[in-house]
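Each of the two complexes below includes chain A, the first together with chain B, the second together with chain C.
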Partner chain A sequence: MEFTVKSYRFNPEIDEKPYYKEYVINDFPGMTVLNALMKVKAEFDGTLSFRRSCRSAICGSCAMKINGITKLACKTQVSAEIEKFGIIKVDPLGNMPIIRDLIVDQEVFFDKIKEIKPYLLGKTDHINDDFKALKEGEKIKQPVYYKTEFQNLTGNNDTPNCILCECCYSECGGVVANSKYLGPAALAKLYRYSEDPRDNDKNGSRLVNGSKPAGMFDCVHCQACEEFCPKGISPVKVIVRMHEKAIKNSITFSKGAKHIIGIARSIQETGRLDEIKVAVDSVGISGILNDLPVALGAGLKGKMPPLRLKLIKDMEDIRVAFKDLNLEEKHD
Partner chain B sequence: MINYAYYPGCVAQESGKELDNSTRFIAKKLGINLIDMPEASCCGGGVVDGFDHNLKLYINGRTLALAEKLGYNILTVCNTCTLTLSEVNEELITNPKSLEKTNAYLSKIGLKYSGTVKVKHLLYIIRDEIGLDKLKQAVTYTLDGVKVAPFYGCHILRPSSVVKFDDVENPSGFEELIKTLGGEPVPYIRRTKCCGFQTILVNEVTSTSLAGNVIYEAQQNKADVMVTPCPLCHLSLDTYQGVAAMNINKKLSLPVLHLPQLIGVALGGSYMEMGFSRHNISFRAVMSKIKQNKLK
Partner chain C sequence: MLKHDVIIVGAGLAGLRACVELRKRGIDAVIVSKVYPTRSHSGAAQGGVNAAFDENDSWESHFFDTVKGSDYIGDQDAIEILTSEAPGNILELQKMGVVFNRNDKGGISQRPFGGQSFPRSCYYADAVGHMMLHGLFDNVLKYNTKILYEYFVTSLVVDNGKIGGVVAYDIKEGRFHGIAAKSVLFATGGYGQVYSSNTNALINTGDGMSVAIRADVPLMDMEFVQFHPTTLKSTGILVTEGARGEGAYLLNSLGVRFMSKYAPKAMELAPRDVVARAEQTEINEGRGIDGAILLDVRHLGKEKIMEKLPQIMQLSIDFEGVNPIYEPIPIRPGVHYSMGGIKTDNNGRTAVEGFYSAGESACVSVHGANRLGGNSLLDTIVFGRRAGIDMAEYIKNVDFGKFDESAVRRDEEIFENIKKSNGKERHGLLKAELQEDMRKNVGVFREESLMKKAIEKIEELKERAKNIGVDDKTHLFNTDIVEAFEFKNILLIAEIIARGAIMRQESRGAHYRNDFPERDDDKWLKHTVAKLNASGGIDFDFSPVKITKFKPQPRTY
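Entry: the complex of A and B
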């Protein structure tokens, strides 16, 4: 089968602006997109630049956008892409500056990995000694998972399988919105260490640092990191587990934690999402005043939600759930 | 008539009532009987899992059990409700421990869940169960000449291991529906990206910039109107459109409709019936154009 590879090209030393170049090549059975790019480089254009190494979905080097979706080129079959899109269009990873053609500058990604301290803290490591949310001598609670439930000693939910390929980072809606956001790979790593029983984080410093602006509460829950991880890891799911752990350990200074607690409180009281109350709980009165033009605009259009919500029928059922789970006292 | 347990979600019953009204309008026209569940609670808005995972299981397990008791599958009109109920359903069906503890709670309130309910969004109920042919027959005003930008959002597509309605990389359900109504779907890259709603109260600037980018790209591709299957996306895209414009420093003015509103217009719904006056960006000019397309 003859098919077209359309590649993003940009060499800042000679090109004024990026452009696309097309190469028509023949496939062979089982051909991957990486095979195709290597064929283009070997037979048509030796200047086409891209990262690659293992060809076995282990090293994570050849991540790129293939027909708009970030994938490992070595793990992506040409035939499947042609069947769906009729072309192999390749672009560099998103959310990172482009160095040349399909090669991006990974520095910002690895800076964020370093920022979460991706190693087990020893007895002398105190990364946030001044944190006082926990009582003197009290250790951080592990309410979600217990040691006996650990799939292995290096964390769970497959987070140690991350190959740092940056597929999740490239697709992350949170990073698109805020370039300072830590992003899914760094946060999955933060989870992996915060869950490790050998880690000497006795005062919850990992979760405190992770709760700061541009941290775990800035996740937009777009699910792209889970969807497009080539190793089957779900950063968004473990980010949510860290939200739960932070809130259960009273690490609730962030707007994001207040927002989650506000929604839970609203459900406990009415069975519904009380839009006004959740907004006040999340951003406070000053935040509401900042948003006054939006609120007034919505009010004028008749979109203002009711100030007092009607309870759902059989509201007592919901109270039983909160009581059963011993959640009543958590947010009073 | 096909019966469904109707789960409008909270926003469609509060600030986004026009979504509930237009859903009921088109349901009647398309032979969908919506069975209300006044006992159903909020799904947790996609974030209650971060408060307590078991609470997410209990409150949504209860909703699933209520639908099972009625004997109907659940029809949703919100992406986030669809994903949350689907996630819980998947966990209860595949994890016996989760089902056991949820049923222990449900037994205290006189309910039980055995995992027979399916959760499906209106968009895909129309495509797969009502049928696009039937929809076409019901059209009284075609959307001929109207360029419609479909905005899928996230939770109706991802994760595809849980919500399995469409091709996550290249979905087509929305485009097929727009074509059936006579409209022209506008292709644009951000149709499956995030609207930013989940962090609108956490970081408004970054959140609304996502919505702004979506609207700007659709506008650049000459869209007359954008349509979304989710009321949370609608809040980001319509209610916050002015803030989004300021944050991305672009001029934005694109009417954004709920999915059943677009269908409702094609099925003869009036401006008032569809609740367009409740929107931030006026749909009046496009509506006038559609009203000239009456089928004989």
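Entry: the complex of A and C
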């Protein structure tokens, strides 16, 4: 079958602006988008630039937008794309500066990984450790860790399976809203270490640091990270788990945590969402004043929330529900 | 010019492991890697890493299995280090944050692997390489290590037998740099891209080995190329030996478990050279299916497949269109690993003072003529660690060697000349021709007449390579020029493999000669050592095999 690869092209060294270039090539059975790009490069146009390494969906090099959707090129079948779109249109990842063609600058992404301290805290780095070369007949004793202690780290779709391919980051609504936001991969890594039984995080510093501005409470819950992860991991799910964990551990200084608590309190007290009160709870009066122009604008367009809320009729049910929730917390 | 006490080239497991040793001692070590570290091919290792932990197992048994697996050409002093330090090294990694699956007693879960007399392969589902690579990368970040991302090393700078540093090409900026150092480690991995059907990443182009031999550092045992028995039929993507460790069958077109004919005791869990040859024989004798045979895991059941082999299930679906829960997987042997490499001692030292190598790029030799599954990850961490510690000691008492900066200009010129050339040869197409020729003529079954054809092809390609032109004349992230240089590297490696394989007139481990089907200990119980001569040809020499405990015996399974 003959088909068209249409690639985003931009080499700032020689091009004034980005453009698309089309290549018509033949497929072979089982051809992936990466195979197609390699064929173009080897046979027709050596200037087409992209990253690639393992070609088996484990190294995370070849993430790109394929017909508008972020995917690993090595894992994407040409035939399936052609069937749906009639073409293979490729673009560089989103949310990252473009260096050239399909190659983006990953520095900020990896800086964010580093920022969350992706390693066990506590003293693990002694030089004269108890490392041992065994003598004849000698055996070594292992430290004991039970399966349950690693239960959130050993499932097929658990966070240690992340390959740092940046698919989630490329599609992340949180990064669109705030380019400083750590993003799903870094936060999944934060979760991975916070769930490790060997992590010696005495003061809960992981969740404290993760709660800072541009941290886990900047997630906008768009679910894109889960949708686009080629490894079936759901960063948003573990981000929400970390929200809960932070609040349960009274790490509530962040706007995000206050917002969640405010919503819960409003519903507990009135059965309704008292938006004004929630706003005061999350950002305080000074925060409200900062946002006043937005609020006034909304008011002028008839989007002002009511100033006083009536209790709903079935408040007793709400109280029962909250009582149950509290009970659950105690079991946790 | 950049200057660091230590340069680590390559950021797979061996490089990162060495780096951790250096950085935790506060040493100024820089990582230079042509890709971001987590893109390194160590991450694709699936099945396991061997160490004797169980009370009914012993490191001595692991020691013997490895010597036997090597077909008695592995150096026994080195294998003793590998196996006696194995459990300690695994526990070190565990302390650093690497997660392994657990057994019911709270220890590390272990599975059987080929050629091992006890289930001693520690694993993290079927992605243990990924787990170890990311765990070590995280530790390298912890120590605030400087990393020169996407720098491609083109030359070693050596003066009077002592290392001075490296020449590296910054791919992003398109600029050459000299980097001076007291000590340099090459942990640059293998050369799987020499062959067309291989399990390796596209980046595995034997760069470190080529750069080393051009700097007069000898390579050892390069004719021993491992063919992995189970790679996906259409793409060559790896299907872990762990599948057979968990109980998978190999079936021919008649539905027969043919391994009973070739290794009646070990069956599917015979070493890789034995299984690969058995498969190829079945295929050659007409009992294959469209050039492949079948790997059947169906009887393990959905639950076990999902729990223990999730990655290979997904790879089979995505790349072969087969769901192994319901259908057997079509597989065939494919090039997987280089037993040979830069000749080192047990601390990673080479013939050049201050220059080290570890991991697949090195040949200590612990794998001899055939590596056992689960021993390569072990090799990277044991000898990566040892190299790191030794370098830390070495640099204490030495000064920087002489760094002749004309080396930088020389490499710059090589690149500029390729760019200026109007040559019509495309490196991408030459590479494909070479790979296919090597597959056909220096493959699982070898014989002189075929290998001579390969040499003819290589000579032809060397001529044509003089006319390589590149489309991309720019500086910014020019992958075209990098690939052109990589092609020259794999072409050199191919020649060393082929010439070494012609010379070794016996069958041992992965090196099987139809015209010399027996092992010949009288003549060939020795390592081959390759060097470049003044005219660019390859000279061979030999070095003795170190035999300490186990006398060579017939090798049956």
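Basically, the second predicted complex is superposed on the first by the 286 of 332 C-alpha atoms of A that agree within 3 Å, B and C clash if a C-alpha of one lies under 4 Å from a C-alpha of the other, contacts with A are read in each partner's own complex, and residues count from 1 in each chain.
In this section, a residue touches a chain if its C-beta (ideal position, glycine included) is under 8 Å from a C-beta of that chain, and two chains touch if they have at least 3 such contacts.
Because the structure is predicted, anything quoted here is derived from the model rather than measured.
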Which of chain B and chain C A:Gly204 touches, first, second, both or neither:
neither
Between chain B (first) and chain C (second), which does A:Asn11 come into contact with in this model arrangement: first, second, both, or neither?
second
Which superposed partner A:Gly215 touches (first chain B, second chain C, both, neither):
neither
In the overlay, answer first, second, both or neither for which of chain B and chain C A:Pro184 touches.
neither
Which partner does A:Ile261 contact after superposing on A: first (chain B), second (chain C), both, neither?
first
Once chain A of both complexes is superposed, is A:Ile58 in touch with chain B (first), chain C (second), both, or neither?
second
I'd like to check the shared interface: which positions of chain A are touched by both chain B and chain C across the two complexes?
144
Using the touch definition up top, name the residues of chain B that touch chain A in the complex.
10-11, 13-16, 38-42, 44-55, 58-59, 62, 83, 105, 108-109, 154-155, 158-160, 167-170, 189, 193-194, 196, 198-199, 201-204, 206-207, 209-210, 213, 239-240, 242-243, 277-280
Can you list the chain C residues touching chain A in their complex?
24-25, 35-36, 38-41, 43-44, 52-53, 55, 58-60, 81, 84-85, 87-89, 91-92, 94-97, 99, 101-102, 104-108, 124-125, 127, 130-131, 134, 138-139, 141-143, 149, 172, 201-203, 234-235, 237-238, 306-307, 310-311, 314-315, 318-321, 426, 428-429, 431-432, 470-472, 474-480, 483
Given the complex with chain B, which residues does chain A contribute to the contact?
67-69, 84-85, 144, 173-174, 176-178, 181, 213, 217-224, 226-227, 234, 240-241, 243-244, 247-248, 254-256, 259-261, 263-264, 266-267, 271-273, 275, 278-279, 282-283, 287, 290-291, 293-294, 297-298, 301-306, 309, 312-314, 316-318, 320-322, 324-325, 327
Note: in the complex, chain A contacts chain C through residues 11-14, 29-30, 32, 38, 41-43, 45-47, 49-61, 75, 77, 99-101, 103, 106-107, 110, 113-114, 117-120, 124-125, 127, 129, 131-140, 142-147, 149-150, 153-154, 156, 160-164, 193, 196, 198
